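What follows is one structure encoded as C-alpha cells, with my remarks underneath.
As written, the chain order gives the labels A, B, C and D, with residue 1 at the start of each chain.
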Amino acid sequence: MPNSFGTLFTITTWGESHGTAVGVVIDGCPPNLPLTIEEIQVELDRRRPGQSDIVTPRKESDTVEILSGLYEGRTTGTPISLLVRNADQRPGAYDEMVEKYRPSHADYTYQSKFGLRDPRGGGRSSARETVGRVAAGAIAKKILRMAGSVEIRAYLTQVHDIEMPPLQKFPTLAEVEASPVRCPDPLIAEQMIARIKEVRSQGDSVGGAIECRVRGMPVGLGEPVFDRLEADLAKAMLSLPATKGFEVGSGFAGSRMKGSEHNDPFEMRDGQVHTTSNRSGGVQGGISNGEELIFRTAFKPTATILQSQKTVNVKGENTELAARGRHDPCVVPRAVPIVEAMTALVLLDHWMRHLAQNRIFKF
Amino acid sequence: MPNSFGTLFTITTWGESHGTAVGVVIDGCPPNLPLTIEEIQVELDRRRPGQSDIVTPRKESDTVEILSGLYEGRTTGTPISLLVRNADQRPGAYDEMVEKYRPSHADYTYQSKFGLRDPRGGGRSSARETVGRVAAGAIAKKILRMAGSVEIRAYLTQVHDIEMPPLQKFPTLAEVEASPVRCPDPLIAEQMIARIKEVRSQGDSVGGAIECRVRGMPVGLGEPVFDRLEADLAKAMLSLPATKGFEVGSGFAGSRMKGSEHNDPFEMRDGQVHTTSNRSGGVQGGISNGEELIFRTAFKPTATILQSQKTVNVKGENTELAARGRHDPCVVPRAVPIVEAMTALVLLDHWMRHLAQNRIFKF
Amino acid sequence: MPNSFGTLFTITTWGESHGTAVGVVIDGCPPNLPLTIEEIQVELDRRRPGQSDIVTPRKESDTVEILSGLYEGRTTGTPISLLVRNADQRPGAYDEMVEKYRPSHADYTYQSKFGLRDPRGGGRSSARETVGRVAAGAIAKKILRMAGSVEIRAYLTQVHDIEMPPLQKFPTLAEVEASPVRCPDPLIAEQMIARIKEVRSQGDSVGGAIECRVRGMPVGLGEPVFDRLEADLAKAMLSLPATKGFEVGSGFAGSRMKGSEHNDPFEMRDGQVHTTSNRSGGVQGGISNGEELIFRTAFKPTATILQSQKTVNVKGENTELAARGRHDPCVVPRAVPIVEAMTALVLLDHWMRHLAQNRIFKF
Amino acid sequence: MPNSFGTLFTITTWGESHGTAVGVVIDGCPPNLPLTIEEIQVELDRRRPGQSDIVTPRKESDTVEILSGLYEGRTTGTPISLLVRNADQRPGAYDEMVEKYRPSHADYTYQSKFGLRDPRGGGRSSARETVGRVAAGAIAKKILRMAGSVEIRAYLTQVHDIEMPPLQKFPTLAEVEASPVRCPDPLIAEQMIARIKEVRSQGDSVGGAIECRVRGMPVGLGEPVFDRLEADLAKAMLSLPATKGFEVGSGFAGSRMKGSEHNDPFEMRDGQVHTTSNRSGGVQGGISNGEELIFRTAFKPTATILQSQKTVNVKGENTELAARGRHDPCVVPRAVPIVEAMTALVLLDHWMRHLAQNRIFKF
C-alpha cells in the first residue's frame, strides 16, 4: 500500500492538488483519546499556504472535517477519516503543463510510470498531499505528549548558504514560530527572509535544511534489523517532496572522525545510564537510547521557477517553459510542521511496536 | 516483521554473530531462474572477514548452503532458504561485554529494549547479520542483470578525511576490486589503506562514505507517496550497521543551490527523454527517470576500539572498557557488497511493484 | 491495518452507521481504466436499504462521490477515495442500546475491547460499513471483466430451511435479480419471500446461505502456502457481518466421502487440461485450476429481533431488551452484492500477485 | 509474503517434502521466555509420520534444531530459526509423478502457475510444510498458557460417515491422545480406526472433521473489520492442505435457525457478563466475548489412493495413474496438532494486536 505509512498506527493519504479534496484515514489509533477538531486545525494552519509573505499566496483555509472515528469527543479505536476540501483551484494556470514537462518536477516520471497524469498543480505529486500527514501527525503528537512528555521540535538551520550556528539548547515552539521562516535564531532568520525575498524577485528559488530534535525520548524504540528507528525516520523524511538527504547525530561529518573521537562514553547520571556526548543522535544499534533524538533533512530549491528553462513536451520535442502561477520560493519553512508530523508518526508507531513485543507479556 | 524487507521480493534474515548459523529466507523469487551456489558464494566472498590485511582476521569461510526453493538448478517460486554456519566463535573473547556496555554499540539499547541480550560478538546487532542480505542480494542482482541490464556499482569515495575527486565515468567492477579498500582511484586507495593501517596501529578506527551508482535503470520505479524510490533506498542504507547519513543526487550540497542552478533541463537524445545534468540523481517525484541512479551513504568509525573508554556496567556503575578481540578498523570496504545487495533488493522489489500495477492490465 | 484488505489492490474502509459518512480508499488500482460513477452506483443500488419490501426501510440513496484518483474519466494509478453520506439517521431510535447490550450483536465486545463504543446503529460494527467494499468491488469487477472475461455470480441457495436444489448451469444476472430475494429458482424464491415476511410478522428473523460461482477463471491464482485462494476467500467471507461458515467445492459433505469418489480425474478437452468433475471447487493446492470456482457462505439469522430478550446492561445488571427501529428480517438477499464484491477483490488481488511473481520476468 | 503468517507474532515457513530440510523463522516473539527444545519436539512428535499404524509409515524422527533467537535458555526477542532435516527421502518412488498429474493434488496447478515444480513428494505442496507451523505453534501455545491460562484442544469429531455425538465437556489432552485417531470418545474412536484400516486395505482413503475448542479466552481478541477473529481462523484453517470448509459456533446449522432461537442471551454470572448459550462460538462482531471459542474444519479424503485413476500427463495426453509409495489413508488424526498450532498462532497474534492498540496507552 504505497499510500500508507506505519505498522500499528497507520495512515493512508489520498487526493490531488486540484481535485475535490485531500484527506487521510488513520487506522489503529488508541481509543478513548479526547480529541477536538481545533487540535488538528492548529497544525494545518502552520502548514497552509498564504500564512506569510514568504510563501505561496494560494488561498486555502485548509479547514479539516472529521468524518468518522470519534464519538462524543473521544476516539473509538475505529478508523478516523479526515478531509480537507480544495478551494483555490485555478486549473487554467496549468494549461502549459499539460503539454510540457516541468524540469526537476514529477511530470515526466508520472507520465512514464502511469501512462497518464493529472497535470493540475502536479496532481498527486504536489506537496498538497502532505495535508493528510500533518492532520494525522497532530493526533500522534498529542498521544506522545500525553503518554510520555515526548516533545518534537523542528526548525530551519539553513536557507541557501545562510546557516545557523549549532543550537545550544532545545528551542521553544514560540522561538521557532517567532519568524515566518521558522529559524529560532532571530538574526539568522532575518537574513533567511531577505534571501528568500531576493531570489523570489529574481524569479528563482532556494533550498535549505531542517533540524529536528526530540526530547523526552523513551528508551527502546526501533526494531532490529530493518526497521531501525533511524531507518524509518530516513524513509519518512525522504518520502517528503523535495528532500535530497538525511543524517542522524554526527551524520556525514561523523564519517570524517576517528572512533576515539566519535564514540559516546556512557556514565551514570541521576541514577540513569546516559552518554556524555551525543554523536549517536539518540540511537544506537537502531534503537533509541533515551538521549535527545537529533537529525537533519536537506531540501532542494523549489523546482518551479519563473525563469525560462529548456525542456521537452509530451510529443518528444525540445521546447522551453517559464512557470506561471503561484509557488513557494523556498518550501522549507512550510515543511517544518510536516517534518514534525512524520517524526511523530514514526515515534508513536515504534513505541506501540516496542511495547507490544516487549512489555505486554512478561516472563 | 522487523526482520523482513521488501514487498514482493522479500527477505527475512535471522541469526546471531556467535550462534550456530546465520541465514535468510527469500520469498517471492520468480520461478525458473537458473541459479548456482557459486553465484551466491562470490558475493559472500566479497563480504567475508579475513579477505585482506585491512579487515578483521576472524576466520569465516562463509560457505552458503541452499536448503530449499531450487529444483534441478532452477528456482521454483517457493521460499529459498540459505544458511551459513558460524565457524570461528571465540565466546571467551567477549566475557567483559557481558558486564559492560561498549560505547556507541547496541549493548545498552538491546539490554534495555529486550531485558536481555546475547553478548557474544554483539549477537543480533552484529554486522554478521548482513550475510543473509548479501546472499539474497546476489539473486536480486542476477535477475536485474538478466531482465534489464541493470548494473549496480558501489565504491568508497572517502575514508576519514581522504576523499576521492568526483568520478567522471561509471567504474568497472575490476577497478573497484583492484584494491582491498574498494576505491576505484588507485592513488586515493593507497592513501586510504595507509590511513586505515595507521589508525589500527593506534588501536583506533575511522569512518568513511560509499557512493553507489546504477546504470541501465528502468523508468518508473518508485511508488508515490510513501514508498518513493529514494525513501526506500534511504531506509535500506540506514538499516545497515554504522550508517549515519544518506543523500541522493545533489544531496546536502543541493540544498545550498538556487533552483535555476539545480534544475535538470530535459532534452531529447536518441529519441528518448533525458536530462542534461543529473542533480536529481535519477529520481524525480520519487520515481526513477532513467538517468543514472546515484546516492551516497555515510558510515561512522567502528565503535570497537582498543583504547580504554569510559562506560557503565549492567549494575549501573561507572567503569572503563578496552576492547579485545578482532574487529575491522574501518568497516566501509566490506560494506560495499552490502550496499550493492540492499540496492538490488530495493530495485527489484520496486520493479516488480511497478510492473504489477502498471503493465499487467492494459486498458 | 485491520480496516484494510488486499495486498496489491487494497481497500481501506472507514465510517460508522450513523456518523457523517462511510467510505473507502482504494490503493493500487491500475491506471488508465475508464470509470464512471454510474458503474459504482449500480452495485451500491443492489446493496442499499429500501430496495424492496423484504429489507429494512431505512432510507438511504447511497449516492457515491469520487473524491480523488480519476482524471478526465480515467484512473490515474493514485488512491481512489469514495464517499457516501449517511442520510436517514435516527439516533433517538438507539437510546436503549446505549445502556443495554443487544444479544448476539457486537455491543458488548466493542465496549469491552475499546472501552467505549458508538451505539448509534451499531457504529462501526454495522453492515453499513460494507458500502465501501461494494463500491471498491465494482471497480475490481470491471477490471476482471475487461482483463479476462471473469464473471462472478452469487445467489441465495437457502433461507431458513428452504433450500434450492443444486443449480445445473451458471445463472444469469437477470435470473438472480428477477426476485428481490436473489434466488435464481423462481418457485423457491417465492417460498423464501413468504418465509421472510412470515418471520418479520412474528418480530423474528432468519438466516440463510449464499453460493458464489466464478467462470472464466484464470489458472494459477492463489499463493502457497498461507495465501491460498480458498484461504483468502474464507477470510473475506468470514469478515462479513453475520457469517458463520464457509465451504469450497465439496465442502463439509466432501469430508464424508472416500478418495476414490472425491478425486477429480483430469482429462484433455479442447486442448486444455480439465477435470471431469469439480469437487475441488476450482482450487487445488490452494491455486485455481481454471474450472469454475464455487463456494458457499452461511449467514446466521439477523440478531436484531423485536421480541423481548434477556440481556445485561452496561452497569452489569440483568435486564430485558426488545429492539425497536428498522432492520432486515433476513440480511442474506442484500449480502449477495457484498459477497460478489469481496470475491472480486480477492480474485483481482491474487491475479496481480500471481502475474507479478510469475509472468513479469521470464527466464 | 505468501509464506508468512501473522502480524506481530509472525512465522515464515520454507522447505520441500524431499528437499534437504523444512523450517520456520519466527519473528516478534516476546523476549525472556524460557524455552527448551523438548517443548517444541513434543508437538512435532504428535505430528510426525510413523507414530501409529493408521498413518503413513514414512520414517522421520522430525528432530528440531534451534539455530537462533535463544540465549541461555531464553528467547532474546530476535528471530527464532528452527530447522528439521528430511531423512527418509525416496525420490525414486515419485518417478511417475514427474510425468503425470495426480488427480486432486497440486501437481497441475503448481506446474501451471510456476512453469515448473519439484515433483518429489509434492514438493512445497506437501503437508510436510506444516512441520514449521507446528514448531512455531508450540511456542505460541506456551505463551498463551503462561500469559493467560488459554487452553486449546482439537480432536476428531468425524471420519467418513462416523460421527461423534456432541461433546458435553472440554476434553483433556489425555482423552484425545488416548487413541491414535485422536477422537476423545473411545467407542467412536475404535470405529474410526476400523474404518481407516478398511479403506486402506481397499487402496482408498477417507476424510473427516476436526473440532477445536479454546477455554480461558481473553475478551477482546479480533480486529474489526477485516481481521475478525473468525476471519483469521477461517484463513488459518483453509490454509491447511486438504481442508474444504470452516464453521464457527452454530455454523451452517445456524443458518437454518430463527433469530429468536439463535441469539445468545446475556446474563451476569460470577460478576462477569456471560451468555447462557454459545451459538456465537465465542465471537461476536468479530471479537472474542470470553466464552469458549469453538469451530470445526472439514478435511477431504487423502487425494493419494492406490487405485488406478484417469489423468493427463505433462505432454497433454490422457493416461492413468496408480499411486505407489507411502501415504496416510486419512490425514485428519495427524492434522490435530496442526489445527492447534494454527489456532495458537492466530490467538497470540490477535492478543498482542488487541493489547497494543487498546491497553498500552490509557487516556
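Keep this in mind: a contact is a pair of C-beta atoms (placed from the backbone, for glycine too) under 8 Å apart; a residue touches a chain by one contact, two chains touch by 3 or more.
As the structure is a prediction and not an experimental result, all values here were calculated from the model.
Going chain by chain, each one touching the next, work out the least steps from chain B to chain D.
1
Looking at chain A with chain C, do both copies bring the same residues to the contact (over half shared) or different ones?
same
Could you say what rotation angle superposes chain A on its sequence twin chain B, using C-alpha positions and rounding to the nearest 5°?
Fitting chain A to chain B on C-alpha atoms yields 180 degrees.
Measuring centre to centre, with centres taken as mean CA positions, what chain is farthest from chain D?
A
For chain A and chain B, what's the span in angstrom between their mean Cα positions?
26
CA centre of chain A versus CA centre of chain C: separation in Å?
39
Would you kindly tell me how far, in whole Å, the mean C-alpha position of chain D lies from that of chain A?
Whole-Å distance between the two chain centres: 45.
Would you pick out the residues of chain D that each touch at least 2 other chains?
2-4, 13, 28, 31-32, 74, 77-78, 113-115, 124, 224, 353, 358 - these are the residues of chain D that touch more than one other chain.
Residues of chain B touching chain A in their complex?
Contacts found on chain B: 2-5, 13, 101, 103-106, 108-110, 112-115, 124-125, 129, 158, 160-161, 199, 202, 204-209, 219-220, 222-228, 230-239, 241, 243-252, 254-268, 271, 273, 275-276, 279-281, 283-290, 298-305, 307, 309-312, 316-318, 353-354, 358.
Residue numbers of chain B touching chain C in their complex, please.
Answer in residue numbers: 8, 28-34, 74, 77-78, 143, 146-147, 224, 352-353, 355-363.
Help me check something: in the complex, which residues belonging to chain C touch chain A?
1-4, 10, 12-16, 19-23, 25, 27-28, 31-32, 65-69, 71, 74, 76-81, 83, 113-118, 123-124
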